[in-house]
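Both complexes below contain chain A, partnered by chain B and then by chain C.
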Partner chain A sequence: MNELVFFINNVVIAGSVSGSIYAIGAVGVTLIFSIMRFAHFAHGDMMTFGAFMVLLLTTAFPGAGAAFGVPSALVLLPLAMALTALLAVGIDKAFYKPLRAHGVKPIVLVIGSLGVTLMLQGLIRLFAGTSGQSLYIDDRKEIFRLALPFEGVRAPVVVTEPQLYLFVITLVAVVGLHLFLSRSRLGKAMRAMSDNPDLAQASGINTNTIVAVTWVIAGGLAAIAGTLLSLDVTFKPDLSFFLLLPIFAAAIVGGVGHPYGAVAGGFVVGFAETLAVFNWSVLLRPFRDSLPEWLTQSGNLAFVGTEYKIVVPFFILVVILVWRPTGIFKGKVI
Partner chain B sequence: MAAIIDVQHVHKAFGGLRVINDCSIQVEQGSITGLIGPNGAGKSTLFNIIAGALPLDSGRVLLDGEEITNRPANELFHKGLLRTFQIAHEFSQMTALENLMMVPPAQAGESLVNAWFKPALVRMQETEVRRRALEVIDFIGLHHVRNELAGNLSGGQKKLLELGRTMMTDARVVLLDEIAAGVNRTLLGDLVTNIERLNREMGYTFLVIEHDMDMIARLCDPVIVLAQGSVMVEGSIEEIQNDPQVIEAYFGAAS
Partner chain C sequence: MDTKRADTVAAPGRFPLRELLLFAAVLVAVLGVYAAMGPAYSTRMLVEASCYAILALGLTIQWGYAGQFNAGVMGFVALGGFCAMFFSIPVNEAFWESELPGELGLVLFYMVAAALVVFGATRLDRLGVPKKLRTLIAVVLGVVLYLVVINTFRGVADQIESRAGFIGGLGLPVGVGWIVGGALAGGVGYFIGRVCLGLRSDYLAIATLGIAEIIKAFLKNSDWLTRGTATVSPLPWPVPGPAEVGFTLARALYLSVTAVMIAVIFFLLSRAYHAPWGRMIRAIRDNEISAAAMGKDINKRRLEIFVLGCILMGIGGAALASFNSMFDPQGYLPLNHTFLVLVMVILGGPGNNLGTIFGAVAVYIIWIMSEPLALFLMELAVTFGEGAFGWDAPTNLDSRALQARVFVIGLLITLVLRYAPKGMLPEKVRHHG
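Right, the complex of A and B next:
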């Protein structure tokens, strides 16, 4: 049983945590792609920016959460989401819109977004410094230890408070997005525009509004992902940047331009990562007697070492692109 | 009759290529005006300028006396100026019926507040829009494929769907860009009948780009001939067909 708890802690919970973060990030990337048809490389840094806003706000109002009984960072998250959405719309107005107006090829926008990445990273480093900082300023990070009611179980299932918030917020965000896209006229207009922008405009849909709405949603989601990630570990200026690869892998695995695919892709990549670095020898321990010796002798039976974790999304990406280039769900259109 | 579309001295160049050269045309209210001309005469460019898809270099475009120069297509849609595309456009991932239901403006569901807090109102309007879409899809004879994804329809059916789109809202002017191209003869007859009915019964004004001379002859009066970016001749189809200038432009020197 202890082995099972170990598995839950190291795979189920850890996989869900990275899966949720990747999912929220990938939804933003995929929405931007489906509306504007380019890969937005600055997404990781928009996530960092969101977390940075939370850090600033929490530093300014460290007691904000006390009244609600939740961490201040969480109470101030909506404000940070709004600021990040504003930043996203501003970046679009300042950098991407002029490029689009000139009718450039998507690759130019991609390069442009790389420039924005460097700029954002530089700015955040300038103001936040390069070291890690905790988003828990006045409050304590709760850790829940759930002992399983079985005999002989010593190790508890460990979940931290930010992880629980992460699961809940991911669920709410995904359901909310689904309702928005399928029920509201604005969501339908987004679907229409991702399908055929010229026709959408000729049908009376204001494409500028749709672009702005897309940035607001992507910016808001980026702030959520960045903040929850920083709550779980610590805030660092390059933390989210290094998630860019798994996030893009998730978006592509799910079928680019397909928000539900991005959610699924996020969890596929998240679980693949944790399963790949999981030490399987622990799970095999109870069956030691019935297994061949070569299998049980090694103390470490992980597929890849932890330091090679970053390779896993690459591997998935290659497999998916070879085996099913359009992703799990057929991509391109919301 | 008053001109509902008034194009005044429009110029448009792509790089060094002057495509529209001091072009002025008027489309009378309630008419079906044809726009013809040899390839490269600037018909589609002029169309795109009127429809707000291309910025013009100089000149003015008026819709019913109101200046609409360089206004975006979505604004023109709400003013009652609709267009179809030379290569049929459709929302490929939606059914034929949903394609039509996308069109009507100002539905309650457009506002998020309504979408989430007044579902009854939204549902009532959706029912109304659906009823109209079903009527339209009967009218254009696509009832049997209404639940197919529009991307899977044939080229001709997509053209019919384009015409159907213009019927979902109360249009004043409809720009038809080669609606007959790639449509078989039987369907074409339906199309012409439908356009005439819309013109007669619902008072739509049409501006039609067409290469099919039979269709122009059946449908359009007057006809404007465009050549090298400006108006060459304007008149009834008989006048056009007997004009030596037009014959020369189309068939080379008539000796």
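Right, the complex of A and C next:
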């Protein structure tokens, strides 16, 4: 049973954590893609920016969380979300909108977003340095050890406080987005514009508003994902480059332009990553006596080493592009 | 039909004033660097700029000729660098005298055999096996064989690392490594292109970004092959090295090699550009649908040009690694090896080879000079800040000042796209009557 606990700790929980982060990120990417039709490479850095804002605010008000009994970073998250949303709208106004007005090809917007990536990265590193910092400044990171009620189970299931917040907030964000897209007028307008921009404009939908709303949502979600990831580990300015590929893979797996698909894709990529680096020989240990020797002999049965984790999203990306480029949920735009 | 429309008549050759002015400006800048920093440093800068010019030519045919955006130049550069290292450094006797080469060969043979078996399994449906069962068999077989082979391989790699350090080189002439580097980069480009080029152009950018990180991760962590973070140096030069003829002369000789390479590549590319093949490539870039309607095989042409660009990047990367005389997988950074090249191309003029070379040299001079300049400005600000407000500066100022370059490159990309999307020397499209 200890092996099972090990599996839960290293695959189920770790996979849900990275899956949630990728899912929130991929929703933002996919929304931008469905409204503005380009792959937004600066999304990873918008996440970092959001986390950095939380870091700054938490440094300024370290005691803010004590009144509510939650970490200060979480209390200040809405403010950081607003700031990141503002940044996203500002970036669009300053850099993407002129390009769109010129009627350039989408790939030029992609290059523009790479330029924005570098600018954000430079700015964040200029102010934050290059080392990692913890977002827990005045608070203590709670770690819950849940012992399983079975005979002979010594190792507990370990969940940390930020991971619990991450699951709750992911759920809230996804349900909220679902309600927004399916019930509200603006959400319906967004879906209309994603289906057919010209028709949407002709039927009196203000496309500029929709674009701004998309950026607000994408920026807010990016801030959530970045902050929760930084809470779970630490805040690192060069976080973004390693997030970009899994997030794009998640968005494409789920079908580009398909928010629910992006959530599913995020979890697919997250679990695939943790399953690929998991050492399967641990699970075989209880059956050691009944298995052939060559299988149990080697101590390491992981598919890839942790240092090659980035291969997994790429492999998924290639498989999905070859096998079904529209994604598992049949994305609308391709 | 004697009347010709104005825009179909070949344009009369105009005096290339703009080109002359821009190249004169670059020449002045180079002379300025020579005067300020001495000949050895400046020649080094020119050699590196010429290596970057080869990379930029590779990117300009992908982006300028064909409209494909490669966001992973770094990966192809690293592959070229690896080949330059692997083929040229001396043979490692400790490895070849043990039984390890045989074991490594056996593992490689297992890999090929496993790949063939899995490939065979995917063809089982031809023998009447139902398609779903075939897929299941192929996947299970692939997973099991992969695990078995990779475990054997890990064992051999560990043995190599502990007993011989790494497998060493082949001790061949430098040029062999450069050529194989180009071929290897082209091979990886072929794989990526096959997957992505039929789809939206965004996917190519995402996939190349990914493959670049994977190549870097592989080279960094395969200690048995590349010594990983321990780096390999020195790499031999194709010309007499600094120890024999002194720094300036050796670098000047190296510069002549790269200059000849650029001249050859430039000549071949401009021939290809004006040939029917080049016109076809541009027709596909400008209007894919009408090119397809003319019966052009769009995906095949795209694949050709993408692979060609990757080959050039591999060669340029090999030349760069040989010149640095060190192979350091960790030294390959997206900023230095992808985005810098991108700026060179879009600033110089995508699709215009002369403009690209201009962009490469000009941007590289600015890039090299920005480091001392940024530090100087930063120190000035600190002295001023301390004097005026008693501000105590953070200690890691040097590393932070360099981050300013990241910002400047990003700003440059967005500004050029906005205000000069065709670059300083725009592509000249000649119309034939």
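The rule is short, and it goes like this: the second predicted complex is superposed on the first by the 332 of 334 C-alpha atoms of A that agree within 3 Å, B and C clash if a C-alpha of one lies under 4 Å from a C-alpha of the other, contacts with A are read in each partner's own complex, and residues count from 1 in each chain.
One rule holds for everything that comes next: a residue touches a chain if its C-beta (ideal position, glycine included) is under 8 Å from a C-beta of that chain, and two chains touch if they have at least 3 such contacts.
As the structure is a prediction and not an experimental result, all values here were calculated from the model.
**Q** Regarding the shared-chain residue A:Leu86, is it in contact with chain B (first), chain C (second), both, or neither?
**A** neither
**Q** Could you tell me if A:Ser184 is touching chain B, chain C, both of them or neither one (first, second, both, neither)?
**A** In the superposed model, A:Ser184 contacts chain B only, not chain C.
**Q** Is A:Phe95 contacted by the first partner chain B, the second partner chain C, both or neither?
**A** So A:Phe95 only meets chain C here.
**Q** Counting only touches as set out at the top, which of chain B and chain C does A:Asn196 meet: first, second, both, neither?
**A** In the superposition, A:Asn196 contacts chain B only.
**Q** Does chain C touch more residues of chain A than chain B does, or is it the other way round?
**A** C
**Q** Just checking: does A:Val11 make contact with chain B only, chain C only, both, or neither of them? Give me first, second, both or neither.
**A** neither
**Q** First (chain B), second (chain C), both or neither: which does A:Gly115 touch?
**A** Second partner only.
**Q** Just chain B (first), just chain C (second), both, or neither: which does A:Gly204 touch?
**A** A:Gly204: touches chain B, not chain C.
**Q** Output the chain A positions appearing in both contact lists, the one against chain B and the one against chain C.
**A** none
**Q** Would you tell me which residues of chain C are touching chain A in their complex?
**A** Contact set of chain C toward chain A: 67, 69, 71, 146-147, 150-151, 154-155, 195-196, 199-203, 205-207, 209-211, 213-214, 217-218, 220-221, 334-335, 339, 342, 346, 394, 396, 399-400, 403-414, 417-418, 421.
**Q** Name, in rising order, each residue of chain B that touches chain A in their complex.
**A** Spelled out, the residues of chain B in touch with chain A are 51, 53, 72-75, 77-78, 82-83, 85, 89-94, 102-103, 105, 107, 109-112, 115-116, 165, 169.
**Q** Where on chain A is chain C touching in the complex?
**A** Those residues of chain A that touch chain C are 38-39, 41, 95, 98-99, 102, 104-108, 110-112, 114-123, 125-126, 129-130, 241-242, 244-245, 248, 252, 280, 298, 300-301, 303, 305, 307-308, 310-311, 313-314, 317-318, 321-322, 325, 334.
**Q** Okay, in this complex, where on chain A does chain B touch?
**A** It is residues 179-180, 183-186, 188-189, 191-192, 195-196, 198-208, 333 of chain A that touch chain B.
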